[in-house]
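We just call them A, B, C, D, E and F in the order they show up, numbering each chain from 1.
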Amino acid sequence: MYLADETWPDLGSYFAEESLALVPLGSTEQHGPHLPEGTDHLIAEGFAREVADRTGYLCTPTINIGVSPHHKQFHGTMWVDAPVFRDYVESFTRNLAYHGIDRVIFVNAHGGNVDHLREVGRRLRDEEVLYAIEWMWNDSIPDLVDDSFENNGPHGGPKETAMIQHLHPELVHDDELESARDGGVPSVEAANTEKFGSRTFYDAADNTDNGVLGDQTDATAEKGEEMFEAASEQLVKLCEWLDDQPFEDLTPKDHV
Amino acid sequence: MYLADETWPDLGSYFAEESLALVPLGSTEQHGPHLPEGTDHLIAEGFAREVADRTGYLCTPTINIGVSPHHKQFHGTMWVDAPVFRDYVESFTRNLAYHGIDRVIFVNAHGGNVDHLREVGRRLRDEEVLYAIEWMWNDSIPDLVDDSFENNGPHGGPKETAMIQHLHPELVHDDELESARDGGVPSVEAANTEKFGSRTFYDAADNTDNGVLGDQTDATAEKGEEMFEAASEQLVKLCEWLDDQPFEDLTPKDHV
Amino acid sequence: MYLADETWPDLGSYFAEESLALVPLGSTEQHGPHLPEGTDHLIAEGFAREVADRTGYLCTPTINIGVSPHHKQFHGTMWVDAPVFRDYVESFTRNLAYHGIDRVIFVNAHGGNVDHLREVGRRLRDEEVLYAIEWMWNDSIPDLVDDSFENNGPHGGPKETAMIQHLHPELVHDDELESARDGGVPSVEAANTEKFGSRTFYDAADNTDNGVLGDQTDATAEKGEEMFEAASEQLVKLCEWLDDQPFEDLTPKDHV
Amino acid sequence: MYLADETWPDLGSYFAEESLALVPLGSTEQHGPHLPEGTDHLIAEGFAREVADRTGYLCTPTINIGVSPHHKQFHGTMWVDAPVFRDYVESFTRNLAYHGIDRVIFVNAHGGNVDHLREVGRRLRDEEVLYAIEWMWNDSIPDLVDDSFENNGPHGGPKETAMIQHLHPELVHDDELESARDGGVPSVEAANTEKFGSRTFYDAADNTDNGVLGDQTDATAEKGEEMFEAASEQLVKLCEWLDDQPFEDLTPKDHV
Amino acid sequence: MYLADETWPDLGSYFAEESLALVPLGSTEQHGPHLPEGTDHLIAEGFAREVADRTGYLCTPTINIGVSPHHKQFHGTMWVDAPVFRDYVESFTRNLAYHGIDRVIFVNAHGGNVDHLREVGRRLRDEEVLYAIEWMWNDSIPDLVDDSFENNGPHGGPKETAMIQHLHPELVHDDELESARDGGVPSVEAANTEKFGSRTFYDAADNTDNGVLGDQTDATAEKGEEMFEAASEQLVKLCEWLDDQPFEDLTPKDHV
Amino acid sequence: MYLADETWPDLGSYFAEESLALVPLGSTEQHGPHLPEGTDHLIAEGFAREVADRTGYLCTPTINIGVSPHHKQFHGTMWVDAPVFRDYVESFTRNLAYHGIDRVIFVNAHGGNVDHLREVGRRLRDEEVLYAIEWMWNDSIPDLVDDSFENNGPHGGPKETAMIQHLHPELVHDDELESARDGGVPSVEAANTEKFGSRTFYDAADNTDNGVLGDQTDATAEKGEEMFEAASEQLVKLCEWLDDQPFEDLTPKDHV
């Protein structure tokens, strides 16, 4: 059920029965010469809507702009500063509780949002407003991702390329896959910016000239579809698990 | 040109020539028993994308959630608190300047966002970061709107109904138009909540039981189309006017 | 009853019986070559004290500095940034509740404060701290204002000139009324800064060279007195209406 | 010269020649059974206006509400929280620099504001916006104050009583002076709330039942007048000294 | 009992019986050519640990960096801005309440922290989170300090020199005591920066070339020891007094 | 060179030659029944002081309290909320630049601080104030850590136990190592709180009853010493590498 398409009386019927919401979040940022800047929010939206359709749970509109200052050197990257992102997500999530939502899954497809979503989740849980957790598709199927690619990326690599080839093939510049690979670096390690245990880079531009990592020619729409199916299934299970928990099991444990 | 669909090299070509961006903003909030909660962001997105297509100017992704606490009593209304909304819009708009954008049109379709967008615009202009102005479609064609309906609403009334009938007819519950009218109030005045010069209401629920105003049965897709064409034309002209201004004419005047 | 002139035991007698307070707010900003910069706070104070005298309700000291960045190009304009103004008003208003005040009228005479006072009022109402509403004198007598002047201004126009001629005639430079008119613009419309539905101006200086609008020579102290009487009467009625409401009718409605 | 009474062209003449402003600040808080709650802001306004008249320097409107949570237990005390007060004062003072003001005297008459005004002054000086210092009348004439009273108070004591007897005799309840003395405490020391080097009290109510200290019957309007004259003279000299300093001598010293 | 050296089960035993904590706070800032920059936090730690040992009450780790912008011109001075310091202290102190602490003594040895610790203490008391008070050793033994030195300083003077000679003799540059005296000023008064009742200085560098005041050659370890004993005894008594109070006597008094 | 032990003239000599500082940061939080709550800050201080001694670079005082809300259920855990921690670290680090520091290593020993230190580092780098990076000892010697223990923990496990056995053997309760192991869990995985790709736990108490993970009986002081030596060597190299970089290579790259 997609919240934005529904009227308030129809949503009232949902809230009368259910208290779970899926919130897709991504980013709008450079993804190399071959992928659209919307890659992350398109993937997040793809999963959240699919799983909402399969399960009947509520999906909210997508948060399209996230924490992406590390991609700012590349044209068109949009971002909000981290404290602002946290407050924005906290504000609308907190307000969902007004309608009876007490558990939320942040369906996230941008690594740069993870810590911030966890921080927001903590605030809301510690105040016992509601229980929110972050989910990223690739974390749910690590073996399949590892088996599918030699160098998965991560940013703008074959993993994300395959996913967009599956979800929005018209947005992939297939003729740029080789140049994406050749102009970037194979992996963060290859960029050699971790020194004596310290990450010395802050921006993607510190590691790669074209903004991406991995071997994009290794991507296919079929791999994308396989990963989409597998991860969607995981998200379905997460929804079911979460829905099954008594709310008191989701709140902070008592002091010892 | 839709930013999220483009790669960074393609966007680089845009920024090499142009410095204007259209940013659609709306809300996700109750719009009565007949319209989807996404009404406002769908309308904003409709105008911004259309005019970007016609003119070639850049359109960013849509901000789907706005300042809607005044609709909170109705199921599913999402909102962020006003200071958070301002900071979020300020942050990503400010960051657009990093790529060379120096003029922005907030293509807005939610009345509750107006003051906040103006406040953000002031901050950015006073610091001479960039020049941003707010535009709402109905303000650009007041006579046509007045002529089209006896009681245009505003919220969830025939004006917005006609627009969604035109843009997303599948999302309008045509069988609820009469009940929308009968369960609501004709106008804010009819609600009698302005007392001796003071607006005493804060929430839509203070004025109307079903959240909407006006006579929804007065709406048709044809009226929607006519308004959409007329207002799009106005927005095209605003883009052209804005693009024509030397940047120094857009910055604050000097002290007398 | 004027709070600042009273002792705490005398105020205790008031709070034992009453729970309403009038808070005058204005600005200190340019009002053209003929009016003092204190125009707005003088008017607000004038109404609040008069109505407190007539009704016996409590009037607090005046907030003299408001949100006036749009007049900054003119010598002497004082202002606080909008978020700071909101927090300041929220803080002292919230603290009034400690003494038992549960309803407040912001007697405001500066247009630039309106949205901010409404935003503060919402915060306090949503938290059920107290109920505060904004009142501006000219909104309470729109017909009389329209009938009194051809072009009322608004800023520094004959409407405000007449009011100061009535309340503080010694502060009006009568010999500057013609130059005020001739050096300004008749109305916002005449400034032609609304383009295709968008307000493109941010500052008074974008519209007018001397900071004011309308025909100041149309003002007389008699018109001022008539408006003062009529609007004071409206404010008296607002006090009475507000005092009559059970507090529970002033709090937010329940979720549908 | 009183800013609020002047037009912007007249203020332009001032700024063309001068760069100093006097800003009166006080509080609205209980001052016992005999003095009005406005005592502190009335005194601050009294000094600032008087010295502006004598010297020709500019005086702004008065800030009537300050940091007075320590008087909240007594009816009618108004206050803003300390961070809000600092931001409010910082905001309008900072904005004065826009007109050319580069040195400000906070003419303060409320002890609870001192630290906050110093903190604001530091911010503005460290950023080299302008140089602002705090002045309190009794600090400028400590010997005269000591000689005038056996127990000067401080809060609501004979020192402040005498000053209001001089400035606003109609606001002093002379028939309550004895009860003020008998219902309060002679001094902070007498309240015995400093324990082993630590101030253990936070509120006036922790020290005194009626909110005041000292022997109010020791006050006379003559003593008030004498102190007013003496302290005004000090403030005149401070203005002259401050005006004489080259601005670079008022900015922070360089790193050693 | 020193919190950082204990395990959580051992601390559980403490919290089962007691609800008082000592929190040492100081600064890291220049103290002239003869004293280490850690002087203030070393003194605070010295007292807090000693008294914790004598009484058995809990001592937390030391806050080493405080509000010292007024020493910034001298190499190595570290500081946090005042609002940040307040929020930091408030945050960890507030969180102590989670374990049952309801009374805290801020064992402070930096004058620049005093007002901020009082402001934090007020916030926590007004919300009835816990009761915290500030204590500085020299305020507890004013007569002994006065009797021990002709010119005690304050900053970097013989008072602090003697204390470090006692606590950490290896950190005192005894061969710099004369130059410390000769390169500084005898007292704030001697610097002549109070003008007509107003403190016109903001930084130590405004008063003294080497950062210190007083006659350092007047210091001896024996004086330091005597003061340490005497003030420790006062702090022991403060702990005992505080522990004896019923919590309801430590909360704000009711409205009159 | 330890900043707090030095005088300002001696620090002036350092800043004349060098621009690098080591800042130790840890936490004060439960570490099971066998380790002191100061474990993390003791380790951070141990490394930072050691490497400062070896290299001659400057070491600041230790930040003892960090972001540890996830340990709050266990007695004595102290913490500051995440936004407050970031602001505190940002403030004093930013101020170090005033003395000429342009590169900082956050010598951190608490996993819960990592993201926040990176966020602070970004702010300071993006504004080109200075360049700061985070370093954690175990990240610099991953192979040695892996080889030393079967289950290293992480929190309160044999890795940290061995380190405290080496640095502060008197603070380890050796008689509690078995109970630490038996009352905890072997690893995060073993706690089974990652569900379908989502981390569903927020607190240590969600995973373990006694707050710790791993097999503590596997720890020895010798292993601690070996790791301390190896990681210190890495930190020395990081200092040298960092000192060698031209500052312009440490600032953000230009827009492509």
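Note that a residue touches a chain if its C-beta (ideal position, glycine included) is under 8 Å from a C-beta of that chain, and two chains touch if they have at least 3 such contacts.
Here the structure is a predicted model, which means the values were calculated and not measured.
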item: Neighbouring chains shared between subunit A and subunit E, ordered by label; value: C, F
item: Given subunit C and subunit E, the chains that contact each of them; value: A, D
item: Centroid-based (C-alpha) most distant chain relative to subunit E; value: B
item: Shared interface numbering between subunit F and subunit A [over half = same, under half = different]; value: same
item: Chain centre separation (subunit C, subunit F; CA means) in Å; value: 56
item: Intercentroid distance (Cα basis), subunit C paired with subunit B, Å; value: 29
item: Residue list for subunit E, restricted to those that touch at least two other chains; value: 8, 12, 69, 72, 74-75, 98-99, 255-256
item: Which pairs of chains touch, using the document's own definition; value: A-B, A-C, A-E, A-F, B-C, B-D, B-F, C-D, C-E, D-E, D-F, E-F
item: Residues of subunit D defined as touching subunit B within the complex; value: 8, 12, 98-99
item: Residue numbers on subunit E that touch subunit D, as the complex places them; value: 69-70, 72-75, 82-83, 105, 115, 118-119, 121-122, 125-126, 133-141, 195-200, 202-203, 205-206, 231, 234-235, 237-238, 241, 252-256
item: In the complex, subunit D residues that touch subunit C; value: 3-9, 11-12, 14-15, 28, 30-38, 41-42, 60-65, 69, 72, 74-81, 84-85, 87-88, 91-92, 95-96, 98-99, 171, 173, 176, 211
item: Of subunit D, residues touching subunit F in the complex; value: 255-256
